[in-house]
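The structure is given below, and queries will be raised subsequently.
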Amino acid sequence: MTPLAGYLLLAAVLFCIGLAAALTRRNAIVVLIGIELMLNAANLNFIAFWQFGAHPAPVTGIMFALFAIGIAAAEAAVGLALVIAVYRHYRTTNMDEINELQG
Amino acid sequence: MVTGPFLILAALILVGAVAAVRMRNLVHCVLAVAVVFVGLAAAYLQLGAQFVGWAQMLIYVGAVAILLVFAVLLTRGGEVPERALFSPGWHWGVTIGAAVFALLAWAIRQSPAAHPPPAAPVQVTVEQIGTALMTHDVLALEVTGLLLTAALIGAVIIAMNDGGPQ
Amino acid sequence: MSGVDQLFVQLKHWALARCAGILPEAWQPLVSLLLSIIPLLVIFPTLFAAMVWMERKGLGRIQNRYGPNRVGPFGLLQPAADGIKALIKEDIVPRAADRVVHWLAPVLLVTTAFTVYAVLPFGRNMVVVDLEAGLLFFFAVGTVAELVVFMAGWSSRNKYALLGAMRAVAQMISYEIPLVLSTVTVVMIAGTLSLPQIVLAQSPASGWWPAWFVFTPWGAAGFVLFLIAANAEANRSPFDLPEGESEIIAGYFIEYSGFKFALFFLGEYLSLFAVSALGVTLFLGGWHAPYVVGEWVPSWVWFFLKLLAVLALFIWTRGTLPRLRQDQLMNFAWKFMIPMTLINVVIAALWHWIGSGPVRWLVCSALVIGAYSLLGRGLMRAGRWMPRTYRFAE
Amino acid sequence: MLGEGIIKGMVETARNFLGSYVREDRLTTVQYPEEREPQIENARQFPFLVYDGEDWETGLRCVACQICEKECPPQCIYIVKSKDKKPDYKGQMQFYPAIFDIDLSVCMSCQICVEVCPFEAIKMDTDYEWSTPDRFAALLVHKDQLARPNAYYQQLHPTDAAASDAVLAQERARAQAKARAAAELKTKAAAPPPTS
């Protein structure tokens, strides 16, 4: 196994753990944690490909990762603000109980 | 060839990630996910991306983990829930996760892109990153800045108390 | 001159050469690193003891009393007595506490506090690792302290501890932004994130005006803003709300006793030294003398003299200013510090852009003073910081 | 302007700091075991028993009337009355305390015992250095530790002592006058009428 494949596999496992958490946990905050894990797995791939793979310019992979980190921060802020707003309204963060849109 | 430091880091990250999604207490989840963030920062350093590593540490451990902590405490998540942690259809989620992983692992095995010939390691100085941010990627930088500002204001407005300061 | 100046560097090389005969080649970098780290592990806890003594003496004199003067001559052995007391005290962990997190918090705090010293240059050629992104490293590792404080407060299962931790985290996040922004000006002018390089950018020129960054309009403003933010970051008076004894007893370390409490104490002071050393490096020319004439004094003497001066300033403010209220604290951060640091970044850019000459001095000074007075007036009006009138007391 | 008050305060503390090295009045601390502040005259700590003359055992003013024992709010006084009597300062035969103990760990320095004593026998001391490793036995003081000469009292609280001495002198004078009158009456009665 090449080092790149190792990092890719690590990222894949991390991504799937995040995905499973987002799909199965009831608590909205853990769902957000799962999404963060998925984003981080993608970032790891960017850096791994930048280091080991072919790239057009020396800084491309780094740029991708930096912007992804910045956007992930924005995503976390808005997501957690939504969780807090939902909690204010429904007095719960349990995703299964927030089912008004199901009609 | 997989080296020892990589294995240690991978173990740290994966244990942290599993703990982050399996722990009962939400604060423990957040602390575990902070461990994952630190582990990933170390992985970036190992990959030679110093700047990204420290930025990851600064933003994820310093900002996102703290944000998660605040969200947990503001929604009274510090208390251990009595009921089940997982949704009723949790086995579907696990199945989907496993299926995605199988697909990804197959792709990594198959794809020639994942097994490149060993190349000379790239080195990027902070100056290069700064120059790129100010020249080639300046539009992206501006857009990200705008997005962050919008997110900041949006988050404040969403989380603001309804009958609050008006 | 260079003999004394490079004394420690040469000592290290000598020790390394001695070790080279005994140890295998692969261990060489590790031994070199160890030889750089061990002096730090000795010097800064010693400085901690000295600082505690200085602080207690200084505060005493400020408050018209003597301070410690019983243990040893001039009370010099007081820190040793305090240390022994902390060591032999019972280590109490609350029954409801989260034991692992409760134990981890002080250890992590001291570890991270020591880690940031890796990038600080203490003298010519005296830095453990010259990281290219040294400043970023400093702040990245420093942020772990926020999480650690939360861990300490939450794991204690005590309402005061949790309140203190939440106050501390909110305060540290709010003041982290002006802290980083005030250093951005230096990075802009010096053109590098590496701390030794920033020090080199302040090497004394031949002119009569020192080349330290603090001797420029943006540098002076930046240094003051940096000191205020550092003060808040270190949870020291007047920003000591997280550990206000009269309000929440001791904040997040209320449930810590004995040696763990001493570790918290040590960690707090270590991060204070680190942030002071960073201020010295960024604004006060690091280990440089102000003039070429002063360069015969060893560089590390200059550095530690400046560090002690900054620490004395911290003690002085602690002895003078009363504790702020939470809303005053937040108002000050968001309505004064952050706008002021942002304006300061623009001023530094102008300074760079105008080039040399008296025009940039005039423009930048006017901008600094104008922004300060405008923001100050706005803050005093908005924050109701007028003299207070008491309704029920004469 | 913002920051004006801060600078003013910093100047003030700097003056305190530097001034403390040159001016005595900038330091208010008294270095306790070596130097002490003089006590004011009305200071009071714990009670003591006054005696007249040289020997405390015969001169003790206390007559074991036990009023103070009954009045003491925290009940820290313990008195056992003697079986025999001895003459007091007026020469009158009185009981005396066989045991007189005060538990200083309980005493609250209220001075009620002093107020109620009709014999000016118990007064307040100003000694406060009672720290001891044994908080039970060492703070239970007995008659011999409590007894102090009147001169000590006069030195401690001159005004009060003068007043109490005046009261005693008056009492004694009245007793002596009474005794003299009684003696005269007696001699008059005993002597045979001159005319008969």
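When the chains are written out, they are named A, B, C and D in that same order, and each has its own residue count from 1.
Simple rule for what comes next: a residue touches a chain if its C-beta (ideal position, glycine included) is under 8 Å from a C-beta of that chain, and two chains touch if they have at least 3 such contacts.
Given the structure is predicted, the values throughout are model-derived calculations rather than measurements.
Across the assembly, the mean Cα position most removed from that of chain A is the one of D. Taking each chain's centre as the mean of its C-alpha atoms, chain A lies 34 Å from chain C.
Measuring from the averaged C-alpha position of chain B to that of chain D gives a distance of 78 Å. With centres set at the average Cα position, the gap from chain A to chain B is 6 Å.
Listed for chain A are no residues, as none touches two or more other chains. Counting only residues that touch two or more partner chains, chain B has 51, 55, 63, 70. Taken as a graph of touching chains, this assembly is arranged as a line, each chain contacting the next along an open chain of partners. The complete set of chain-chain contacts reads A-B, B-C, C-D. Listed in rising order, the residues of chain A touching chain B in the complex are 1-10, 12-27, 29-30, 32-34, 36-37, 40, 43-44, 47-48, 50-55, 57-59, 61-63, 65-67, 69-78, 80-85, 87-88, 93, 95-96. Contact residues on chain B toward chain A in their complex (touch as defined above): 1-3, 6, 10, 13-14, 17-18, 20-21, 26, 29-30, 33, 36-37, 40, 43-44, 47-49, 51-52, 55-56, 59-60, 63-64, 67-68, 70-72, 74-75, 77, 81, 83-90, 92-94, 96-98, 100-101, 104-105, 108-109, 113-116, 118-119, 121-122, 124, 128-129, 132-133, 136-137, 140, 144, 147-148, 150-152, 154-156, 158-159, 161-162. By the touch criterion given at the top, residues 101, 131-133, 136-137, 139-141, 143-144, 146-147, 150-151, 154, 162, 166, 169, 173, 176, 192-193 of chain C touch chain B in their complex. Chain B makes touch with chain C in their complex at residues 27, 31, 34, 38, 41, 50-51, 54-55, 57-58, 61-63, 65-66, 69-70, 73, 78, 125-127. Interface of chain D with chain C (complex): residues 1-3, 6, 9-10, 12-14, 16-17, 20-21, 26-29, 31.
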